[in-house]
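Below, chain A partners chain B and then partners chain C, in two separate complexes.
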Partner chain A sequence: MLEKMKEIIAEQLSVDADTVTEASSFKEDLGADSLDLFELVMALEDEYSVEIPAEDLQSLTTVGQVMDYLKAKGVEA
Partner chain B sequence: MKTRITELLGITYPIVQGGMAWVAENNLAAAVSEAGGMGLIGGANAPADVIRDHIRKVKAVTDKPFGVNIMLMSPYADEVAKVVMEEGVKVVTTGAGNPEKYMDLWKSAGIRVIPVVASVALAKRMEKYGADAVVAEGTESGGHIGEITTMALVPQVVDAVSIPVIAAGGIADGRGIAAAFMLGAEAVQMGTRFLVAKECIVHANYKERILKARDIDSSVTGRSHGHPVRCLRNQMTREYVKLENEGKGFEELEYLTLGALRKAVQEGDVKNGTLMAGQIAGMVNKEQTCKEMIIEMIEQAEGLMNRN
Partner chain C sequence: MTSKIIGTGSYLPEQIVTNDDLASIVETSDEWISSRTGIRSRRITGNTDIDTTYMSIAASEQALKNAGISAEEIDLIILATSSSDHCFPAGSCEVQAAIGAVNAVAYDISAACSGFIFAMHTVQAFIKAGIYKTALVIGAETLSKLMNWEDRSTCVLFGDGAGAAVIRADDSGVLEMVIGSDGVKAPVLSCMARTNENFLTGKQPELGYTYMNGQEVFKFAVKKVPECINQVLLQAGTGVDEVDYFILHQANARIVESVAKRLKQPIEKFPMNIDRYGNTSAATIPILLDEMNREGELKQGSRLVLAGFGAGLTWGAALLEW
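Right, the complex of A and B next:
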């Protein structure tokens, strides 16, 4: 899942995929603002066919947290 | 000028008055609605009972439709979200965030929900969650703003969603309305022009600053903190921008802006207050009634749009 995530994040946030790790924080490390995060969430929803409600977004600050979240939603790794 | 927005909201003219914090209270909202536009009460950070009071005062003087703007970062947002349902408000616009957690609730009460958005992705998301329309607000607007200009944002949002789009930011006359319609908008939202309306309760000093403002008087504070706010230049903004450029953080500078909008609106403190206004303030130079403004703008817009 990490590879696919890196690819999506790199595309949505215009960052180098190699700089993305599980520990990367969207805001601190990848420079994403709230509008970037919406772009990313929309892309993830499309890719994995899940719904990510806004309330859940606040607790999703790193790449690893998003991966855990998606797995908990039943997305296959 | 019939559009999907005038149909949706049951209004005569496709003009929505911005839900300006502290400024858009019952007098202004009632005057705009009574004149055939869509008046809004600005929920801002006000407690739910204050909003309830404004709603009842509007209902007492007009039976035309009006709405409430809910500022989602307000500590009272949850309560205000309930009050609009209890009071039978027909239209809710939302700002400063994502209203999806209230969407089902409001839709079930038959409320038309119109989020203010500053990007294509948020507009698409709002459509998916059931929004009836969106306000695409460009960075020319006063108050809390996004990055994209109205000219660039509106057609991109129009292309991305199938719900109707209301354009906001930099519009204050019939030319602006006609231009917004050319970009695909089906209504406009305006704040700055209505701020100087006769019915608007804002302090005379604040109105005077807008009436006298030039194009270059617009400044943005807090851009480096990710909380950009557009207002007219004064002692406060100069101090803020100077310290901001020296690298001072959001929390360190909060003392400059805390309560500063109320100071400007109610006390007329034009030195230390936050004089929120859009970039178009330089063109706004007449105090008129809401009705005079709306009729003048619609006639101008129709004249331009029927020219060929």
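Right, the complex of A and C next:
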């Protein structure tokens, strides 16, 4: 899942995929603001056919947390 | 027979509120606001006597002059607004009286930021049915009075203003239109204003200001706008590359950029004035249209897409030939 995530994040946040790790914080490490995160959420929703409600977003600050969240939603690794 | 825009007008109140001005009222900054919204300043009516009706009249007079027709020729006046000065009479009736459109029928519609497109759609239906020939459509808002000026997530976004267009039956003009609503998502963007209560309900009226769930509105706009634009293009058999300008509701520059990306079109085709006026809801599209018209950017035969989206939730798009 990490490879696909890196690809989506790199595209949405205009960052180098190699700089993305599970520990990367969207805001601090990847320079994303709230609207960037909305766009990222939409890309993830399209890719994995899940719905990520606004209230869940607050607890998702790193790439790893999003991967755990998606797995908990039944997304295959 | 279809509807053609034959004249435009607009009015913006003089008082300018910059992001720095706002930073002295609420915890915010020019950097925060401009990077997330593209807004640098907005106009507000402040403590003047200028209100939604006043701005509607001023924009309408300009539009009539630009169209070169007299007020008596107007059959229909529709004012799209969410910020009427009062419950009734409708602002459109006050406009009718002020400009002397004695032969017109006048009423308001409420479709928030999609209001101008919804009004255009109503005009299109009347013209196609052969009921009316000439219409005046206005989008006007005094949103500054519906804001909680202590809520930094909303008060920085909106502004006041009015735009108007004269529309007439013609052989060319609007090619296709689409409008839609999804009331299930109504709670994500609302302004309850004064609730209707008195001794009958046993409750005191409550004051409410504008509320917005930014994420839900952003996602809705970024998905729905390209979708309805693609739909009008499909219905008309027009390729996206054939469109000269996409005149989108000015809610947030980042939404416009995202739509441009999704439609795979250069951002230059998406004119913006949100930096100067913020989001004036139903007024953004006619104000922008009027600015482009006056600057000579709209040539006969230019292909334009107009698209609005907002509370309701509502959305709509029009493909037209100038």
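One rule holds in what follows: the second predicted complex is superposed on the first by the 77 of 77 C-alpha atoms of A that agree within 3 Å, B and C clash if a C-alpha of one lies under 4 Å from a C-alpha of the other, contacts with A are read in each partner's own complex, and residues count from 1 in each chain.
Keep in mind that, in the parts below, a residue touches a chain if its C-beta (ideal position, glycine included) is under 8 Å from a C-beta of that chain, and two chains touch if they have at least 3 such contacts.
Treat the numbers as computed from the prediction; the structure is a model and nothing was measured.
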_First (chain B), second (chain C), both or neither touched by A:Tyr48_ = neither
*asked:* A:Tyr69 in the overlay: touching chain B, chain C, both, or neither? Say first, second, both or neither.
replied: neither
_Which of chain B and chain C A:Asp33 touches, first, second, both or neither_ = both
*Just which bits of chain A does chain B share with chain C as contact spots?*
33, 35, 38-39, 41-42, 54
*What part of chain C is in contact with chain A in the complex they form?*
35-36, 213-216, 218-219, 222-223, 252, 254, 258
*Across the complex, what residues on chain A touch chain C?*
33-35, 38-39, 41-42, 54, 57
*Could you please specify the touching residues of chain B with respect to chain A in the complex?*
97-98, 100-101, 118-119, 121-122, 124-125, 146-147, 226
*For the complex, which residues does chain A have touching chain B?*
33, 35, 38-39, 41-42, 53-55
